[in-house]
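Below, each structure is written out as structure tokens.
You will see two complexes here that share chain A, one where it goes with chain B and one where it goes with chain C.
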Partner chain A sequence: MAEIFGKTPVPGSGEMGKRTLLEHLFTIAALVSAVLTGAVFVFLAVFAIPLIKNGLFFQLLFSNWLPQQHLYGIYPMLAASTMLASLSLALSFPVSLFTSFFITAVAPRQLRMVLLYIVRFMTGIPTVVYSFAALFLLVPLMRAILGRGSGMSILTAVPVLSLLIAPTMIIFFVNSFQRIPSSTILAADSLGATPVQKVLYVIVPQAWPGILNGLLLGLGRAIGDTMVSLMLAGNSPTVPQSLADSARTLTAHIGLVLAFDFDSMEFKSVFVSGLVLYVSTAIIMSIFRITSTISTGRRK
Partner chain B sequence: MINKTLERSVIVLSWAAASILVMSVAILLGFLFAKGLGTLSLKLLFGSTPPLAAITLRQQVFDGLFPAVAGTFLLVICSTITAIPIGIAGGIFMAEYAGIRQKAFFSLLFDILAGIPSIIIGLAGLSLTIFLHRLFPGRLGPSLMISALSLALLVLPYLIRSTQNALESVDPLIRLTAPALGASRIQNVVKVLLPNSMADIIGGIILAVGRCAEDTAVIMLTGAVAVAGVPHDPLSQYEALPFYIYYISSQYGSPDELASGYGAAILLLALCTCLLIFAFVIQKRLVTLLLYR
Partner chain C sequence: MKKTKIRTRNICFQYHKKQILKNISVEFPKGEISAIAGPSGSGKSSFLIVLNRLWEEIDGVNVTGKVEIELNGQMQDIYSGRIDIRQLRRKVSIVFQQPNPLPMSIFKNVAFPLNLAGLKDRERISREVESALKKVHLWDEVKDRLKEDGRLLSGGQQQRLCLARTLVMRPEVLLLDEPTASLDARTAEAIEQLLIQLKSRCTIVMVTHYQDQIQRIADSHFEVVNGNLINR
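And now, the complex of A and B:
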């Protein structure tokens, strides 16, 4: 750290002095980015600390949302986020895993490239476009099927959210499959393994850290997505009793912008939601980093 | 023991999974195009205003998407201009200067930053706005500037990571030549490593542009509104394509407005797809140019 500010430019040569300044700027840029990451957390935390001190934090976390009774808890949103994210992951993970098998081994060679291009194209589809199309296609359909309510429910949001997180996982899986050392693959080939056998008995046992990491990224995206749940899940602030119920996730709760006043209870509940989301993302990404370190370490 | 049933079911399931995936996307987008293709015309953008007068800002467009397109365009320019220098410099630091421990520490932080839901970045932007509003009452509110800064923070980790990866994947032979001839570290970075990885860095920038253009969660908390006209001032509120799509989905008042929502969705999809293709082509084209010149 002392290097950044302590060292003076090399004397004698103006050119060299300028260059070292540039090198310092690289370090400063990285530091600034790191500080900004921390600043977002500090922003949320500074606001939450008084709430934690007077016990309001946990009260907000575990009570219901009943503004008429002066209850501003985010427990219903917490439940909705957990439900929506885990269901989407449960639907999307097998589809993504088998699609990545398809791209790596099962499909005819030309089809593999085509599918990989389609998956890459999917990463570029804006979330709001997915949600817009689903709002006018899926919601009326769900309304007809369920026969009650607006058609906006957890069940409506799950398939769209699954579709949204699938490309992230597929690309991650396919990349981790392709990083298996070619010597191992060649050994399997020379023993006469079929493509499927290679995937099942050679690639998957070696690529599990990659699979775990893809799963973590998918989970992170599922928890963090705002537009799908905001536009398709219905946003009612009650604990969902069934999948056909309307629900409001933590992200949607923030996105609805209930207040602009720091001191209002609505704003406090939004901040607690933000802090919960930040902390859960940080935990997911830390596990992600640990697994990637393990997997690169093993390869060396 | 090799299990034939297991292998067969893997083949069947793989075909099924791939078809489900492709068909779901095809149905959703097919629906969008079936409903929206008819609306695509200059009228969608400019309404009843003459296009030339609208582009030169001589006449305001009240019944077209032009202000939203212009807002998105300005937003993307402002946020990428802010994020690019910091992102690339940070990436150079990560690839060339960071020690092992520093690298691990910063990597974790940037992973977290990349993983934070965009709505949290929006919330931070919103809180900053409220805070500034209290400091300078009446002068600062939700605005293009706040949105651009928030979006810059959102894409920063992507820029850092793509620059870092680009530099780290430079061929070791090329990497070592200049230092062997007596070049300093910074000379090597500026004159050899950066030019050699330019294609990947530009590709990363274009992907970041796409991310800025499509994001809705950040801008709806930091200054995007339904009606604002073409922004004249960085401290004013503005219209943007993704926000327009979101707004129309819940607030449309007539079939015409809904139709323009479909049009806007196709426009945004086309924009993001073009950027994506552009990024791939540049990465491949530049690589081939560099290899075969």
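And now, the complex of A and C:
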């Protein structure tokens, strides 16, 4: 057994000391990450508490953004964020899932390698590059198609945001598919399953917790992205009535009003926006975690 | 004179450019059990997956040569473009050394090949599943828990489940990679008897390490030596 698993370090030996040091380093790293995440929440909550006490929190949450009428609500931004994130996910999720199926079950090995390389490369491209390219390519096109406005709208931002979140989801999906034992895939092949049958009956039933988690990651990225919405959605702080309307997301709003005076209501709305983003992400994350834990428990 | 069921010509098998099998030209008679022996890692299992083109699903494998199998009464080159590879794998079915039940219930594991083939009649599927499970002597052990996950069965039960899953396809050629390795002596004997019964409608090519098993049930005996298949 010792040959297979290696020797157990002797207490007091140098190897044991190294291991203990490493264990401490890992623990510190994990604690720092957890504490920092918690600290962000505390920071937002501390600045939001006076607003909550004064009843301003919910006023800011549910009213419109009309500074000239002393209304500093983030409701339009909340609506825009929800609309943009859900539409981008609705467009990106099926494309990412089918691309992952293609890479895993259909594409020949060489093509699979090329596609994975491209997808991994795409994750490294800064969002500002996507947005910048779309500003010159997509915005004039949308202006021509819509026939009004600047061409910056929800409809302009959605495809770019979809493209932005797709590589993350594809990599996550492909990784979860590749964790399925190769013997299981080979069993389906040996029974004469087509690629589609393999996907439906073997891959999806085993990988759906991974698919859900990939979806969560995509949603998180879509809600959290700033640059695409800032550069392409138009930044109008009104509730969008149609996809062709200009809109301002919560993240873009934070970026735009940071320059205001610290004591101004405009600035205070930043904390409400941050808290809403934080809590909504935490809720989505919890729902998906619970779902995948339940599914994993059932499968065991 | 015995009728040939499988004929190979100059089969070479490479795995990541390493030569495993060299110029294998061999014939397996119809309705017989042909046993292949040889040391571990000599390429016995590799040879089996050449016969139903399953190697094409494994990265790093390259095979050259020709394989002809009598299918639907006609000798056919299985590497020709006219062959439907999925039909081929249903007609020339394999049971692996390591049991590999699919992530579904015991019932669905056996019914899966029937579903893949487009069979919709539920009563017929139930009958076929029961019959296949009885053939492999598993029915009595699982009849009350057919909805349980097939992966929860013991190793020996999983192996018989995989054999049942293959038999339900009514293959013309059965490729078996150490089919009784994970079975107790009594069940192994029952499976050997089943294989003898199957000979009348199925040609069997079996990899085995057990000399006594070869003597008990095999009609012909081959051995892999230095990448070649030699008739003993």
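To be clear about the criterion, the second predicted complex is superposed on the first by the 252 of 300 C-alpha atoms of A that agree within 3 Å, B and C clash if a C-alpha of one lies under 4 Å from a C-alpha of the other, contacts with A are read in each partner's own complex, and residues count from 1 in each chain.
Criterion: contacts are C-beta pairs under 8 Å (C-beta built on N, C-alpha and C of every residue); 3 or more make two chains touch, one makes a residue touch a chain.
Everything numeric here is computed off the predicted structure, so don't read it as measured data.
**Student:** Check whether A:Ala144 is in contact with chain B, with chain C, with both or with neither, and answer first, second, both or neither.
**Tutor:** After superposition on chain A, A:Ala144 lies in contact with neither partner.
**Student:** Looking at the overlay, what does A:Gly274 touch: chain B (first), chain C (second), both, or neither?
**Tutor:** First partner only, chain B.
**Student:** Which of the two partners, first being chain B and second being chain C, lies in contact with A:Val202: first, second, both, or neither?
**Tutor:** Second partner only.
**Student:** After superposition on the shared chain, which partner residues are touched by A:Thr194: those of chain B (first), chain C (second), both, or neither?
**Tutor:** Once the two structures are laid over each other on A, A:Thr194 reaches both partners.
**Student:** Using the superposition on chain A described above, determine whether A:Arg120 touches chain B (first), chain C (second), both, or neither.
**Tutor:** A:Arg120 sits against chain B, while chain C stays out of touch.
**Student:** Tell me which of chain B and chain C touches more residues of chain A.
**Tutor:** After superposition, B is the partner touching more of chain A.
**Student:** Once the complexes are superposed, what residues of chain A are shared between the chain B interface and the chain C interface?
**Tutor:** 194, 197, 201
**Student:** Give the list of chain B residues in touch with chain A in this complex.
**Tutor:** 2, 6-7, 10-11, 13-18, 20-22, 24-25, 27-29, 31-32, 35, 85-90, 92-94, 96-98, 104-124, 126-128, 130, 153, 156-157, 160, 184-187, 190, 210, 213-214, 216-217, 220-221, 242, 245-246, 249-250, 261-262, 265, 268-269, 272-273, 275-276, 280
**Student:** Which residues of chain A touch chain C in their complex?
**Tutor:** Chain A reaches chain C through residues 109, 181, 183-194, 197, 201-202, 205-206, 299.
**Student:** Using the touch rule from the top, collect the residues of chain A that touch chain B in their complex.
**Tutor:** Listed in rising order, the residues are 16, 19-20, 22-23, 25-30, 32-34, 36-40, 43-44, 47, 94-99, 101-103, 106-107, 115, 118-137, 159, 163, 166, 194, 196-197, 199-201, 217, 220, 223-227, 230-231, 251, 254-255, 257, 260, 262, 270-271, 274, 277-278, 281-282, 284-286, 288-289, 293.
**Student:** Using the touch definition up top, name the residues of chain C that touch chain A in the complex.
**Tutor:** 52, 54, 57-59, 85-90, 93-94, 96, 98, 100-104, 112-113, 115-117, 149, 162, 165, 169
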